[in-house]
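Both complexes below contain subunit A, partnered by subunit B and then by subunit C.
Moving on to the complex of A and B:
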């Protein structure tokens, strides 16, 4: 090996070492930046979640002695709790009504507020306001609108002489009232997501479809919806998760009544844990809810292959 | 390996810091001074100010070595907050408790012994016989009541005059009440009554009619006693058959009943004595008064309610807490409560409540209070009462809309919570 050859070899190794050193330093810096977040996640998320699993296996009163009961809490919920199944049914009914309505309304709004509408930014802000309005304020306003001496009944009685049902205490209407208020409060978020997706659709593709004769509903169903299907998928997944966790709207509008007709699973968990002092049973309920949400989300990810189109 | 160990130690240290921060109790000692946290419900600024005024007097009594720190939550959230505090072992040293809820919280409190009462300078003789029972469970005393309460029938005298109906008296029967409610509904442009979904606000009338409580002498839930069911059905009929009241518009709207009265939309409501100043006050815009709950076939029947303060079992400085509780239960603070419109628990301070009433309502309220507490018996609750009270509003709204019968609702509650 000549001297010159050795120098060439050393000079090619040196930058590689430097690169490795830089990479190492960057890794350390990245680790430094991410550590607070990971610690926060560990202390405030992973640890409580782990504790909730342990808690669900115990008879865990809010005060006093705890006793290991294995899966008894789960068995109690699934076989002998008079309120668990109605609560699960209510969450399912809410989700089945709320998610499609939310997506249809949000998609409709985002299509209506297309590029040809003047001042569409103002409309978007207006429709987004309910999302950022505290849910307590929204629910109180809706309660005033929906109650018998409220705005809605006042208008129909004075204009048409129609007496409307007592929405918030009627077995048939209470859940519909909760869904209607929830759609109003939540449509703005998905509208924004779908609007962003629609604006990414290439104009050339839409024009080509129009030249081929696609118009109106056909253009929307056969061209636009497939093109924004990833955004619809994202919105559907997130909306189903949030609707399975609904709590504030029924709590504030109907208090879960009449009877137990608007008590969703999260309200059942809240009542069991923080009103009736049985944290073990509440934790078991929370884990059943978790499994249901994970299961539904997994199914959605499986099903997406059939209808979600990604550009590759 | 060494780095891993250091990282692990760091993680443990940070976690430990977090837990240490969470574990600090409701009282602390600093340089010989002790802070005792006093936890109580207050729904608005005015209620909180009343507590602060009481605290200022108590603070003078306990001296500078102890600082009283007031923490409040609205009534609707108070027990949720208390449950959360219990779960984390941080119950405030002096904690407010409602007599109807005590059964579910006896583990939270230290039993108050006669020695404790002596330390506080409080005598059992300062109270009416049986008055301390609102803070007792299974013969043990868990706190001292700051007030004594009963339910009253409040009325809007202007609406009675408009309908040409005689105003209620302390001798009224339930038949008199129904007749007047119907007359007002027909003639005064307002409903005669506003029903309620809150426990004693609606239970009072069926209890008065039958002389029965929803809990029997043995302490068991007794909602399905046929006489009680019949009387409760009569109460629901005020909406569905007589039409003298509107239906409550939502199970979550517990303030509806008082709002109806205050807005002049209902001529009568049943509320606690703790609302006497508000519901007969000059701000209403109409002339109002109160009488005892109308009599049923069994004669006059009323239940004594009340709230008080106990000392948390986890309190680290019980001596200081006893001093604070003694001060908050002292005649000086009872006097402040009386002047604020509360009916004090101690006998000696009760006359002051009447003298501090406005001239316009003094005679009326004095007679109503005297009648309401005459022969009032102690309220009884079960260990499951919180669940019963939580479920009641959701079930009752169905009765008021005619979608369920009172009988089926009471039977359902008994099935769910009567075991």
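Moving on to the complex of A and C:
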């Protein structure tokens, strides 16, 4: 693989011994270089994962006595917890609304902000600022915007005389408000991922398609989208994973309400663990979430053969 | 390949077409290929501009509104019909935030935790990346695969047991618990390894021939070359720590002493829902460092995301 190995075999016996001690030293030093990371991962990832498995099999209050209960936590969640299935449904609804909307807006903007648009760098920065803004700050801003006397309702009333519903406490609108805010906050990331992919499309390919008569929508749908489908796939996988983990947006916008209509899985896990202090049940919920994420991701990888085109 | 482009990420000099600053109107740059010539194309371009500007207004409106709300007297934030500017412009709202809540503490905590987090992540990622990318040792590739495997576990699965680990360590309500649990992500190690592998081995051989061991080679030859990769990792690590909400919510009970900015903002919202003016001032303040970072790095944004896949979410 490297010069060092060849030199070992070529050198005579006395230098070989020296070479070996050098290699031994390198191994020892490699151990030194790797130890902090290995220790850290062992303590802060491997240990918690193992612990999470154990905890999910226990009745494990924050303070007080633990008791082994086997798979009871899982059974409780799936059969008798009144809030688990609604949380699962909320997460599913959020994902189904959020991911397509996010991708469509991101793709639309990345296509629009092509080389023809002057000052597109400024626009990109603007669309990206919400991505790096603390999600708590974004949620608070949107809480103000969506208030009955906030920006949105105020504008529609004074311009058109439309009185809008009170989004954050309305059964039908609360989830839509959470989705809209999340698209605003997260879309810029995918926009840049897709922009980067579009910039790698060779001009010759686009020009050839144009000479063949592909323009406008046809050029986009039949040439550009297939060419950047690996990036779209990547964006879709990552966005679905992150949407299954949504927490801060509903927590701060609606508090999960009205009722439990905007409580997603992670908020359910958080509430179960830290509000109701049942860490065992929460750990079981986290494992179910993990299995769902892995399952969806695996499904996507299987489905990608149908629509993702790779160059080689 | 990815390391090659990553290295370019922070090289300021040559401007590629992708990141080039737009030239003066009518200048030679403006007359690039693909500029519209026919009437239909010109209409298309006008349509594209209109769409971009409408989208920009929609995206900017909440931020602008938040900013102007932060300057209003508190009883004028929610008014029908809405106003942009209140009866007076109260810049003092931005100061009042600091006396209304322990906001100085929140900001200080956020900086302490974020900067310490960045330092730990850089040190651990660089050393481990060097061991994986440049040194030979038995079992290296197996250990590396195990490292990458840990990336599959989402934070949400770890939060519950991590809290118990913090209880065991006695770290609940300490800076350590805000910094260490998420500083050992295999992602940084992976990024640094990829970068280090792109450095020519001859450089290192030369140092070795001159008698430098791995430690000196790492510190004096490899690390000085890694500035751009370390910068990318530092920026995104900083953003992650600065913005993180779920974990501080779990591990901090004493908000007045250990609250970070997101925690402070959120507690604002529940304790003082009526003071929208101060809440918005606090919100704007919390955005300043992240916005500065993005504007400073805007030229590298597209490439950095394309090559590293970083971005925080």
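Please note the rule applied: the second predicted complex is superposed on the first by the 276 of 312 C-alpha atoms of A that agree within 3 Å, B and C clash if a C-alpha of one lies under 4 Å from a C-alpha of the other, contacts with A are read in each partner's own complex, and residues count from 1 in each chain.
In this section, a contact is a pair of C-beta atoms (placed from the backbone, for glycine too) under 8 Å apart; a residue touches a chain by one contact, two chains touch by 3 or more.
Because the structure is predicted, anything quoted here is derived from the model rather than measured.
A.B. asks: I'd like to know which partner A:247 touches here: subunit B for first, subunit C for second, both or neither.
C.D. replies: second
A.B. asks: Which holds for A:279: it touches subunit B only (first), subunit C only (second), both, or neither?
C.D. replies: So A:279 meets both subunit B and subunit C here.
A.B. asks: Where does A:169 make contact in the superposed view: on subunit B (first), on subunit C (second), on both, or on neither?
C.D. replies: A:169 contacts subunit B only, not subunit C.
A.B. asks: May I ask you to decide whether A:45 touches subunit B, subunit C, both, or neither, giving the answer as first, second, both or neither?
C.D. replies: A:45 contacts subunit C only, not subunit B.
A.B. asks: Touching A:74, do we find subunit B (first), subunit C (second), both, or neither?
C.D. replies: Touch status of A:74: no partner.
A.B. asks: Quick one: subunit B or subunit C, who's touching more of subunit A?
C.D. replies: C
A.B. asks: A:143 contacts which: subunit B (first), subunit C (second), both, neither?
C.D. replies: Both partners.
A.B. asks: For A:30, using the defined touch cut-off, is the partner it touches subunit B, subunit C, both, or neither? Pick first, second, both or neither.
C.D. replies: second
A.B. asks: Would you sort A:82 into first (subunit B), second (subunit C), both or neither based on which partner it touches?
C.D. replies: So A:82 only meets subunit B here.
A.B. asks: In the overlay, answer first, second, both or neither for which of subunit B and subunit C A:127 touches.
C.D. replies: A:127: touches subunit C, not subunit B.
A.B. asks: Would you tell me the residues on subunit A in contact with subunit B in one complex that are also in contact with subunit C in the other?
C.D. replies: 43, 47, 143, 147-150, 252, 273-274, 279
A.B. asks: Using the touch definition from the top, list the residues of subunit A that touch subunit C in their complex.
C.D. replies: 1-4, 23, 25-27, 29-34, 36-38, 40-41, 43-49, 51-52, 55, 60, 108-109, 112-121, 123-137, 140-145, 147-151, 153-155, 157-158, 184, 186, 189, 192-193, 195-197, 199-200, 203, 216, 234, 238, 241-242, 245, 247-248, 252, 266, 269-270, 273-274, 279, 282-283, 286-287, 289-290, 293-294
A.B. asks: Which positions of subunit A touch subunit B when the two form their complex?
C.D. replies: Subunit A reaches subunit B through residues 39, 42-43, 47, 62-64, 82, 143, 146-150, 166, 168-171, 251-260, 263, 271, 273-277, 279.
A.B. asks: Within their complex, state which residues of subunit B touch subunit A.
C.D. replies: 11, 14-15, 18, 79-80, 83-84, 86-87, 104, 107-108, 246-253, 386-387, 390, 393-395, 397-398, 400-401, 403-404, 415-416
A.B. asks: In the complex formed with subunit A, which residues of subunit C make contact?
C.D. replies: Going by the criterion above, the answer is residues 17-19, 21-22, 25, 30, 32-36, 44-45, 48-49, 51-52, 55-56, 59-63, 65-66, 69, 77-82, 123-125, 127-128, 130-132, 135-138, 140, 143, 147, 150, 152-165, 180-184, 186, 189, 201, 205, 213-215, 218, 239, 242-243, 245-246, 249-250, 261-263, 265-266, 268-269, 276, 279-280, 283, 286-287, 290-291, 293-295, 298-299, 301-303, 305-306, 309, 311-313.
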